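After this come two complexes, each holding chain A, first together with chain B and then together with chain C.
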Partner chain A sequence: MSELTTSMSGMNALGTHDERSRQAQWQADKWMMSGALFLGSAVFGIIGLPLFLRGLALQLKAQRAGLTVRPMMVTLIGYLVAVDAALNSIGWALDMVAHHTLLARVFLMAWGNMFDAGYFWHYNELWIGGASAPGEKAWEIALLPLVFSMRIAAAIGFLQMKRWGHQWLVITCWFGVVAWTGYIANMTIFADVRYTGVVFPVIGWWLYDIFYITPFLALPYLHSVNREIFSH
Partner chain B sequence: MNSEPASLNETKSHQQPLPLGTTPAFAGMHKWLQRGLVVCLTALVLEGAFTFPLLAMWYGWPTLSLQEICTEFEKIRFADESRVCIYPYPLFGPAEGAGQTTAQDQWGIQPRPQYKAIGYRELIQRVAARQAAESTGVP
Partner chain C sequence: MNEQTLSKQTFSRQTLNKQPVGAPAISEQAISEQDRRRRRGLIAFQIVCYGYLLSMFLIQMYMYSTRDW
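Up next, the complex of A and B:
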């Protein structure tokens, strides 16, 4: 009888711990999700950063209080990979469907003239509109609805500690390796179009775009983490 | 969120608990990856927030309106001073550059554009020079 009582109280304590952990995680996630929505919008990123950091701080606090919350690396990778995909999507969605808006014609072409004339040279001349550089539209069509959308979905599953989230993040981050390799090869082959008459060519492009390598930082973690923790 | 054997969660040297899912063999790598992620996060936020306003300023805003900048871009890339940036653009109209014949390129298997890079706030001088020429009647 006493063994049963001990076991019952142990289960109660575990249940309470579990419940408190879930609440703490959800509280932190609410801040981080709001922050990530702003971060993914690019221009409102400054608003999103303090919200996101507040969520991170709450999660850290819960972790220090002994609650079972998500590992910091999983949180950082999940949100950052989603934000990275959202930022890529915004720029390319503008080019795909909003190429004749004033915003796109100033922002994309200013960016193009500064770093990569793929977004300046014969812009809005193709029947489909937007960038006319060889291969650019094909990359947009391949990566926008497939890689970036899938990566955001995978990041959500990953943040929920789901097995499929981990698996699909591995897949979509490897997509990223293919995308970078193909994209850079295409740019290099048509370098005259991309970098002639550009204010800050090649090095400027690399300095600007290097921070989009988050999928590459995620991959070593995804392959070395103990994947049994993704069991939901 | 699951618990893990204590041996996996503790380093041998300082007995400090490792994050869930991180094994001692990869602890150092995970620490550096985390630093890289924080750098990327910060850089992406700053780039996202400031690229558009800084680019707009480089090309002449607020002295020039966004539509004037758009017009100058159009004149330069199609090498045609008569072009203007139509805004709002008709929703189902043809692409603004469709069928143009004025853009200057050295055509070949590797096309090479002939326009020059635009300098810092150079568009303001272009607009001012054009307005001065118009007011004096000089073409």
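Up next, the complex of A and C:
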């Protein structure tokens, strides 16, 4: 076999491998994206989880078959950040602009009754409506249009293995550190307002919120991962 | 290609030799020292973050034990 023939067949095999890898990744991503959309809506989360897990299993299978797919850690962090930002956005968007709807009054006041009286005490009594806890609205205004929308965009870029996606995920994870440091200080300072009369004070709130608080702990990974795997 | 392989590749001598002509030479020792410092910084960051979260939780638990919530 001549050198040229060997080289051409090698390129052909590489092309086939590349094509098969792309197809496998897209197939897995379709399941995971559908799952993430449901998970991010909060109410339909129970439908989203099996869809997401199915996508994850497909990606794992492709990886085991030797195809070039996205690293598992990138997939998990990317979707976790997207879902986390979507969940925060939907709850706070309801509280900011849809606080008089039946959905908000059921969903948010139930949350207030169970874990955080900031969403129960004098609800809808301020001129702006929604939660009346001290400082809560300021956090919503600062974090919703800035941090969470940026985090969803960054997570999408990160999942596409773009360099800007990695950079913006690092930036917004640092935003997350600032946001949660401040928000938890606020919860502690106004603890009497937020925990009085609720069904599960302190422990209930922490059990529920720890999953929202922890995504910024992806920072050590993001700072130490090889940046060359993210294309321009 | 998995992450570990890629990570090793970045710090391999082959990659280091691809430095542009005229660029200051970076030794493997310097990179590993930089990497070590970064890791140490990130560990300190995690301890501070976890410590802060834990202390806020403990303050709230203390308040919970003394108040009629």
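Odds and ends about this structure:
Methods note: the second predicted complex is superposed on the first by the 227 of 232 C-alpha atoms of A that agree within 3 Å, B and C clash if a C-alpha of one lies under 4 Å from a C-alpha of the other, contacts with A are read in each partner's own complex, and residues count from 1 in each chain.
As a working rule, a residue touches a chain if its C-beta (ideal position, glycine included) is under 8 Å from a C-beta of that chain, and two chains touch if they have at least 3 such contacts.
Since this is a predicted model, take the numbers as computed values, not measurements.
Of the two partner chains placed by superposition, only chain B is touched by A:H122; chain C is not.
Of the two partner chains, both chain B and chain C are touched by A:I229. In the superposition on chain A, contact is made by A:L217 with both chain B and chain C. Comparing chain C and chain B on the residues of chain A they touch gives the larger count to B.
In the superposition on chain A, A:M114 makes contact with chain B only, not with chain C. Looking at the shared chain after the overlay, A:T196 reaches both chain B and chain C.
When the two complexes are overlaid on their common chain A, residue A:G45 makes contact with chain B while staying clear of chain C. Of the two partner chains, neither chain B nor chain C is touched by A:H17. In the superposition on chain A, contact of A:W206 is made with chain C only, not with chain B. Comparing which residues of chain A touch chain B with which touch chain C, the overlap comprises 68, 71, 73, 192, 196-198, 213, 217, 220, 224-226, 228-229. Listing the residues of chain A that touch chain C in their complex gives 68, 71, 73, 177, 181, 184-185, 187-188, 191-192, 195-198, 201-203, 206, 213, 216-217, 219-220, 223-226, 228-229. For chain B in complex with chain A, the residues that touch the partner chain are 1-4, 8, 19-23, 25-26, 29-30, 33-34, 36-41, 43-49, 51-52, 55-56, 58-59, 66-67, 69-70, 73, 77, 85, 87-89, 93-98, 100, 103, 110-119. Listing the residues of chain C that touch chain A in their complex gives 1-3, 6-7, 9-10, 35, 38-39, 42-43, 45-46, 49, 52-53, 56-57, 59-61, 63-64, 67, 69.
If you check the complex, the residues on chain A that touch chain B are 21, 39, 41-46, 48-49, 68-74, 76-77, 80, 83-84, 87, 99-103, 105-107, 109-111, 113-114, 117, 120-129, 161, 190, 192-193, 196-199, 208, 211-214, 217, 220-221, 224-229, 231-232.
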